[in-house]
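Chain nomenclature is as follows: A, B, C and D, assigned in order of appearance, with residue numbering initiated at 1 for each chain independently.
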Amino acid sequence: MFGAEFPSPVLLASGTCGYGQEYADLIPLDEIGGLVTKAVSLEPRPGNPPHRVAETPGGMINAIGLENPGLRGFIAEKLPWLREHLRRAQVFVNVVGHSAEDFAAVVSGLDGEDGFLGYEINVSCPNVKGGTMFGTDERALADLVARLRGCTERPLVIKLTPNVPDVGDFARICEEAGADGLSAINTFPGMVVDVARREPLIGSRSGGVSGPAILPMGVYATWRARQTCELPIMGIGGIRNAEDALQYVLAGACLVQIGTASFVDPGAAVAVHEGISDHLRANGVARIEDLVGVLRARPGTGPAIPAG
Amino acid sequence: MFGAEFPSPVLLASGTCGYGQEYADLIPLDEIGGLVTKAVSLEPRPGNPPHRVAETPGGMINAIGLENPGLRGFIAEKLPWLREHLRRAQVFVNVVGHSAEDFAAVVSGLDGEDGFLGYEINVSCPNVKGGTMFGTDERALADLVARLRGCTERPLVIKLTPNVPDVGDFARICEEAGADGLSAINTFPGMVVDVARREPLIGSRSGGVSGPAILPMGVYATWRARQTCELPIMGIGGIRNAEDALQYVLAGACLVQIGTASFVDPGAAVAVHEGISDHLRANGVARIEDLVGVLRARPGTGPAIPAG
Amino acid sequence: MLSAGAGGGVAVERAVPVSRRATLLSTRLVARDTWWQEFDCPDIAAAARPGQFVMLGVGLGAPGAWLLPRPFSVGWTGSGGEVGILLRAYGQGTRALAKLEAGQTALLLGPLGRPFDTEGAEVECIAGGVGLAPFIFLAAREAAAGRRVRLIYGERDAGAVFDPGLIARLTEHDPELFTEDGSAGRKGLVTAGLDPASNALLLGCGPTPLLRALEAFAREHGRGLQVSVEEHMGCGIGTCQGCVVRGADGRWVKSCIEGSVFPAEELDWGAI
Amino acid sequence: MLSAGAGGGVAVERAVPVSRRATLLSTRLVARDTWWQEFDCPDIAAAARPGQFVMLGVGLGAPGAWLLPRPFSVGWTGSGGEVGILLRAYGQGTRALAKLEAGQTALLLGPLGRPFDTEGAEVECIAGGVGLAPFIFLAAREAAAGRRVRLIYGERDAGAVFDPGLIARLTEHDPELFTEDGSAGRKGLVTAGLDPASNALLLGCGPTPLLRALEAFAREHGRGLQVSVEEHMGCGIGTCQGCVVRGADGRWVKSCIEGSVFPAEELDWGAI
């Protein structure tokens, strides 16, 4: 997978594990599949005013504002730790930018460094040119992926946003433009109102919703992406346990990422990893690859209108 | 509002209250604001194979497949009951179609009948011409709304789908095309995998996710719609109690709809109605209109990147 | 308040459902993963008929908890307004409901669905697992009216068998017990208890394979059969159309109001 | 395992946090909506220092329940490995956690954050409401070392006051009590207890208006002040950047690792 060995199909999701260091004290990182770093942008970003996080029904909302030390800060302060402390765990660097140039500069600036496997491109952010998000604009996305493909031979994974009519279309675009894989999905835009104070609870007003609440949406997005392209998929969104993770696998994911669940239990990723191994053993499945996307049709299933 | 008196700002949401009759035995329908019927299509629809519903974390998934008795069946079997039994509760007929012609035929076919106030147009369904959903295709949506506007002088409310990059764009399109109001939001596409059987749990594979899980997304969509247009908005998605409903009101909704919560407690809509009244009284607010969209900015809030 | 019900072709009269917050009077582990719960719910107790069910949930208030109500057969009603439920913990929802403790409250919506229609007939009840519940209710009612039914009850093994003493006390009937491994009662499937020579009306409740076997038996021997089917439910009252099963005429029928008890001939057995 | 912590400019050594499923040994309603909970958690008990906190949650397994952990000051540690928490039920999460019963388990992540840095100093602790918790811990530790601190504790009214007998037993200190309505202790705000003549290091924990008043007092009188701030938290360990407050230099600082205890001069008081 991505030309590398993953000790497990379970990774920690971007933004929920920093740059690895803090979790290393809590869980054996080299026993899970690895991690995706917090977003790295060209310049350091200060992030949003508080409150930045709050609980929502079955999930949480966050608006960190992509706070990060920037490309140089990442290389100087964060990458050395990853390089020196991880032996088997694989690392993807989550990359964010406000323009294709930004993204390209981060990827080019990192590409000669050691200590990570590839990139996860976070396209859930506004494109200063044009105003739309990269991840919701077919043309901008295709151009971005093609451009980044020219900057690196490392695994280039595009993290899809679910805010589109059909994730499948965007999956195909990424494949055609030269991506090596997909991550599905990022958060949903949401808002929490503090009724007593009559103001948004979150400092930047709106934020991204994650956690179990979005589990069925993430599984669906993974399945759609699997219908339209051949790229390996990392399934993300609401995974709490092995059963949730296996929903993603059966729908088409070959790796999964654990985000919000780690806040509830720092051992969540390890438990998912062990639970998947148990499931494979109990069901006589030799390799997880044998389960990827093998969803059977239900008897009597025909073309149907999903909603209502 | 919509040229009519609403006894309360709380209505029952489409698809969760049938055509009113069953709930009339359980709650005093004339004390809440009214209801939106199950979708009505031109021809009867058989609906999807089971399972059609299941629980998800913080919500549920449904894939009923818009089963309904069709325009003639609705007029013959369902409308008479609504006409004869409701005195103060307002009724919107939820309309669905596979083509603009279908929609127009339902609206025209109903327009001369008594027993309802207006239409809620369900655009979360595929357009046979073109393949996209009406609700995610700016052009198709504008044409549809303009066409329906020509068919009726009754309140014409468009029910927005959240599966778009920015609900605000679609809200504006509806306003420009002549709609009288908006409903925000319909369900999110989702999938649940039965891991033991390795098949989708839902007969039609995917379905729509509703319930508290989508509360922050619905509040956000309401707020976005309020930013871009002046139309009255019915807030829908995950409302369990008065506080949830007031989040929608403060974000910009003047009416709210209760869907999934009625399954958990058939008295939910009545409780929300009473809770809102209590809140207004306790806070010395004369009319709920005084709260609509009055969200204050948090101190220190500036332009910000919502996610990550 | 009795109505003919909203379902098509429904003969038996039934009460209009009510929604009540009811106190759990007692709960008791009666077999492996299986609880007998009695709720204080006089309105439903007074109106329910055997074969009907309730939607049982915790409501919207419980902090952090989200649970759609789950359907359970009315397993018994007491003269003090008690409603008894035989609950087997299975997935998320039933595990949560099994944890309810005496003194806590739950929301009950009922009575729901079409009851068994046994008017005057001689009756044989065939129960698989917690499919026993509606027959406890039926047998108790019949016993109270001085009548008897035949009660055939099957489980996988002795550990799963609902306390026979309690069954006897509730129903004044002794079920004929079968277990698959022979660890209690007779060894074998519950269908082994069927008597080809009898003419009694068959009532079946339990897993789908059992219902199928009963249907085949009834067809072969020209016997009347009513079965209670299980399908996922949203509302329980006929509004959401979530609970359909395929009818003999090819239409989807709502199992919450046109069932959950159906005469076998109303169903498409190829699709059950 | 001691490290200097990942936060910038952090002087006091602190232990690496651990995540433990711990049994609730006892829980006791000690004031209106306020519980004293003791968990069996030797690792955290051994490592925690006054001013540090834990993230307390129910984990992922509880069926139907979803709860992000909430931060709570370590309120005391026992020689038997107990960790004491003073928990006031407020919103959804604290209401759920308040319902935990003895014998049930919860997940504790800790010890977290920067402790108070009081090395050798004479200390005055000013607590508003459950802001008392870290000072119970501090006073108990000081008492065990044969030292004393001044403990000033304010609440709205007598009903909210944490059982003085229990405080005395845990800390061997008698707090100077203030209530806003005078229904217990002296009438007035806790800041009325401040002594302009003293030179002791001030430690503050409680609602923001109290912290602001302390800051103004400390600035006016040239006194040292450390405060524990409260901000919403995601991870509690410095990875999510969810918990920022504005630092004196205008940067956002993570209150979970650079705080929650800050020397007053490190914060931008215009933004607190």
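Convention: contacts are C-beta pairs under 8 Å (C-beta built on N, C-alpha and C of every residue); 3 or more make two chains touch, one makes a residue touch a chain.
Computed from a prediction, not measured in an experiment: that's the story for all the values here.
J.: Starting at subunit A, how many touch steps does it take at minimum to reach subunit B?
T.: Counted as steps through touching chains, the separation is 1.
J.: Per the definition of touch at the top, where is the C-beta contact count highest among chain pairs?
T.: A-B
J.: Measuring between Cα centroids, what's the chain most distant from subunit A?
T.: C
J.: CA centre of subunit B versus CA centre of subunit D: separation in Å?
T.: Their C-alpha centroids are separated by 45 Å.
J.: At what distance in angstrom does the C-alpha mean of subunit C lie from that of subunit B?
T.: About 35 Å, centre to centre.
J.: Centre to centre, by mean C-alpha position, how many angstrom separate subunit C and subunit D?
T.: Subunit C and subunit D have C-alpha centres separated by 53 Å.
J.: Indicate the residues of subunit C shared as contacts by at least two other chains.
T.: 66-67, 92-93
J.: In subunit B, what residues contact two or more other chains?
T.: In subunit B, the residues touching two or more other chains are 15, 57-59, 62, 64, 211-212, 240, 300.
J.: Sort out for me which residues of subunit B touch subunit A in the complex.
T.: Listed in rising order, the residues are 14-15, 39, 48-49, 56-59, 61-66, 96, 122, 124-126, 132-133, 136-137, 162-166, 186-193, 195, 197-200, 203-209, 211-217, 219-220, 223, 238, 240, 243, 246-247, 250-251, 279, 291, 294-298, 300-302, 304-308.
J.: Could you pull out which subunit C residues touch subunit B in their complex?
T.: Interface residues on the subunit C side: 1, 6, 16-19, 57, 59-60, 66-69, 92-93, 107, 109, 231-245, 251-252.
J.: Which positions of subunit A touch subunit D when the two form their complex?
T.: 15-18, 21-23, 25-26, 38, 46-47, 49-55, 57-60, 62, 64, 67, 211-212, 240-241, 261-268, 271
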